[in-house]
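Before anything else, here's the structure in question.
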Amino acid sequence: MPSHLALLSCLLVLVLSLDKFLLHYLKRRWHSGGSIIPRIPTSPFNFKSHPRPMSAAGKWSETAMLVIDMQKDFVDPAMASPMLVAGGEAVIPTVAEAVAVARERGILVVWVVREHDPSGRDVELFRRHFYSGGKGPTVKGLKGAELADGLVIKEGDYKLVKTRFSAFFATHLDSVLKTLGIKNLVIVGVQTPNCIRQTVFDAVELDYEKVTVLIDATAAARPDIHLSNIRDMKTIGVETPTLEEWRR
Amino acid sequence: MPSHLALLSCLLVLVLSLDKFLLHYLKRRWHSGGSIIPRIPTSPFNFKSHPRPMSAAGKWSETAMLVIDMQKDFVDPAMASPMLVAGGEAVIPTVAEAVAVARERGILVVWVVREHDPSGRDVELFRRHFYSGGKGPTVKGLKGAELADGLVIKEGDYKLVKTRFSAFFATHLDSVLKTLGIKNLVIVGVQTPNCIRQTVFDAVELDYEKVTVLIDATAAARPDIHLSNIRDMKTIGVETPTLEEWRR
Amino acid sequence: MPSHLALLSCLLVLVLSLDKFLLHYLKRRWHSGGSIIPRIPTSPFNFKSHPRPMSAAGKWSETAMLVIDMQKDFVDPAMASPMLVAGGEAVIPTVAEAVAVARERGILVVWVVREHDPSGRDVELFRRHFYSGGKGPTVKGLKGAELADGLVIKEGDYKLVKTRFSAFFATHLDSVLKTLGIKNLVIVGVQTPNCIRQTVFDAVELDYEKVTVLIDATAAARPDIHLSNIRDMKTIGVETPTLEEWRR
Amino acid sequence: MPSHLALLSCLLVLVLSLDKFLLHYLKRRWHSGGSIIPRIPTSPFNFKSHPRPMSAAGKWSETAMLVIDMQKDFVDPAMASPMLVAGGEAVIPTVAEAVAVARERGILVVWVVREHDPSGRDVELFRRHFYSGGKGPTVKGLKGAELADGLVIKEGDYKLVKTRFSAFFATHLDSVLKTLGIKNLVIVGVQTPNCIRQTVFDAVELDYEKVTVLIDATAAARPDIHLSNIRDMKTIGVETPTLEEWRR
């Protein structure tokens, strides 16, 4: 009997510690578009999403895709950047595919990138020490600021430079999008708790009608971080399909 | 021997499942100001916090306290508002005490509140349906927009009206604070994943030198939501003491 | 003969100094909707106004009227405020009439007002000395911040508080207007070189499709100041009809 | 006696008509860097400039120079751009000298430039028609967007891209300057009624302590336009010395 209890307990331990011990496996399956999508933590959504007039539904000309921070220093481990996002490299193929789908549909693709001054004087205070040697992350003109291999800006796309988390912070992104008649946003890239989430919350604050985050074309340092942020975004009305669900 | 293993396993299970099985108990203790502060999820902080020049350290004249959304519709269950934050009422005493400490120290107290048009035309799209009857949450002039009982704006304090999550979104808060020479912020109120976190991230983007969130004077719908957001804020250099730790 | 020359010269002097000696007369005629509208200085407009797609033309639901700073301290000489705009009082009737026309047409009326902290800590630096005594101009709650006699906010109107020249500076005005589908603005109030012009230029920067300034429902300290600013606004595509021309 | 009156009158006529009859002469002298600086129209400044605490006075590390729009399409007639500012070419030497003085003093030099998308989708609506052929003014990467001959960005300078009149509109300029401790601005470039004035008014709204416009290192299409705008800027506390006066 004690051994049964032991077995049961071990099983429970295994299940509950999935986070730590099965991380690598899960990550590969999860990021490769496999069917094991961890359950998103339940949302405290205490009201039904309101069926607001979605005049734009289906009209892709009113949708833009924001591809955020898919630069070598963020997603290419070979760069050995202090800004590397652990889960970033794994989503490059999904991001590339999402961009391909967007182009097929005629959706405007906006490449949001960081490009900093070598001195770091336009970087957040808490990251400024990385720039003391003049070779900080995503410095304008250096290799680390380039898009990850496989991602290419094409004619008709728009490139937007930012210096903080949110693509909307102190940039003219809202100006360009609103004037083009863009009402809906689809967001991919890294990383979920910072640049993705800040861009998403700003988009909601800026009254974009429909904000969609592709859950498997975004990533964080760890799945639990990714998922707790997805949970919070769902709570404010953001849609979070997989690429497969979105492309249907 | 197996029984030792069993015991150990059980213990592990208990510890790891704290989140799920002891939630209710923890919540009551936590919200009642008890001493059990749940462990914050580990942060993927992959670099040491940089000891940046804190010229303002100790000078309270360079610090402001932002008290966010402590209005009846958010924290008083008697209002039966759809915007009620489950954990909100429990932190009112801690918020009141934090404000008292701030005043003793000569710290500027800024009361950040929502005050909406009865029509709801200045509310986020996903919440606009609450205003169809003309009696939506935190409408300017109605009872729900008042501060919770026990909280009072005094002479010398500053009141700031906002219409979105972040106290900095489309307001003149940064203008007032920067010009007054404010470099450090201490943030209390509700709720952690939305208005608190957005204000905090914006504060970091706006280069406030030191941003502090009082972990027991802020609240969310559930402890796990509160804590995952505290985790993410710590990752970008935000300090998260309890009121007791901060007042020392 | 010399006396003929003298006479002619005197006449010329009189004509050219109209500005200084006939000001009061001109002002009354001009502001009362009389036919003496001084010629606007020629604009260096070196290109034809582009006939851009005016999808909103004629649809008043896409137009908002901004009534700017029509507060006692700005336009009522009885207040003896240092902020009094010399030409302000004379346009109150025209502004009131413009608002009436807007309401007839179903145009949203936005009352943009300054309301400052008694301490003056949210006022521009160069005006802050007015607030040393605690009784500075347009302090929230004081008489000087009230609308001029004859102007009333009605149900359905929107009131917006600002703390700088432009109605768009650090306010949520653009957020409210864009989300309501407002594309065109009609602007009245005081004073032309500061709050009117800054609001107008910001409106152009924010891509409002059609920006209209009612030339006789706006005013400055002197007609030459009013007119040189009207000239510059015309140069960037702003329309500047009289109220009569606009109401046709 | 009549002849005395005649003489006096003629003199008055001459003085008062300076504006109209001596314009052409004045213009040539002014633009050629001559010493005749036309009298600035009197300001309706109805209060003394407040001697506010200028902690930064004399400390050049707290001053930045903004060099605005000194790009070929704005100031080089050879480009035959529709955006050419008539008075622009004449101030290139003064701007170059101002930059040299700034560098000697250790003042941060910020090169503010327009760089637009070939499609013109990030240009003001009223100028968008220039971009129909794909070769609009100051397109990123094209010759017209380059700095005028003789002006060079050096190491330590900062380059800031904008898409509207004001250097502060939807850019991170304020973020960079405030965090660097910049409190005072010196502004040069083109053109006075649009990009210069908008940047200046925004700077005042953003509480920069001292804003200085070098009157002979800025230019407009015509002297009267230049001067009426200088007049309005003086009224809100902006200093407007010549380069010679500033360098003393």
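When the chains are written out, they are named A, B, C and D in that same order, and each has its own residue count from 1.
What we mean here is this: a contact is a pair of C-beta atoms (placed from the backbone, for glycine too) under 8 Å apart; a residue touches a chain by one contact, two chains touch by 3 or more.
Bear in mind that the values here come from a model prediction, so they are computed numbers and not experimental data.
The chains that touch both subunit A and subunit C are B, D. The interface holding more C-beta pairs in contact, when A-B is weighed against A-D, is A-B.
For the pair subunit B and subunit D, the distance between C-alpha centroids works out to 45 Å. The mean-CA centres of subunit A and subunit B are about 25 angstrom from one another, to the nearest whole unit.
Taking each chain's centre as the average of its CA atoms, subunit A and subunit D sit 41 Å apart.
Residue positions 125, 164, 169-170, 175, 179, 205, 207 of subunit A are each in touch with at least two other chains.
A complete topology is adopted by the chain contact network, contact being made between every pair of chains.
Those residues of subunit D that touch subunit B in the complex are listed here as 175, 178-179, 205-207. Every residue of subunit B that touches subunit A in the complex is listed here, in rising order: 2-3, 5-6, 9-10, 12-13, 16-17, 41, 44, 46-47, 49-50, 52, 82, 86, 124-130, 164-166, 169-170, 193-194, 198, 201-202, 204-205, 207, 209, 220-222, 224-225, 228-229, 231-232, 235-237. Of all residues in subunit D, only 117, 121-122, 125, 158, 161-164, 169-172, 174-176, 179-180 touch subunit A in the complex they form.
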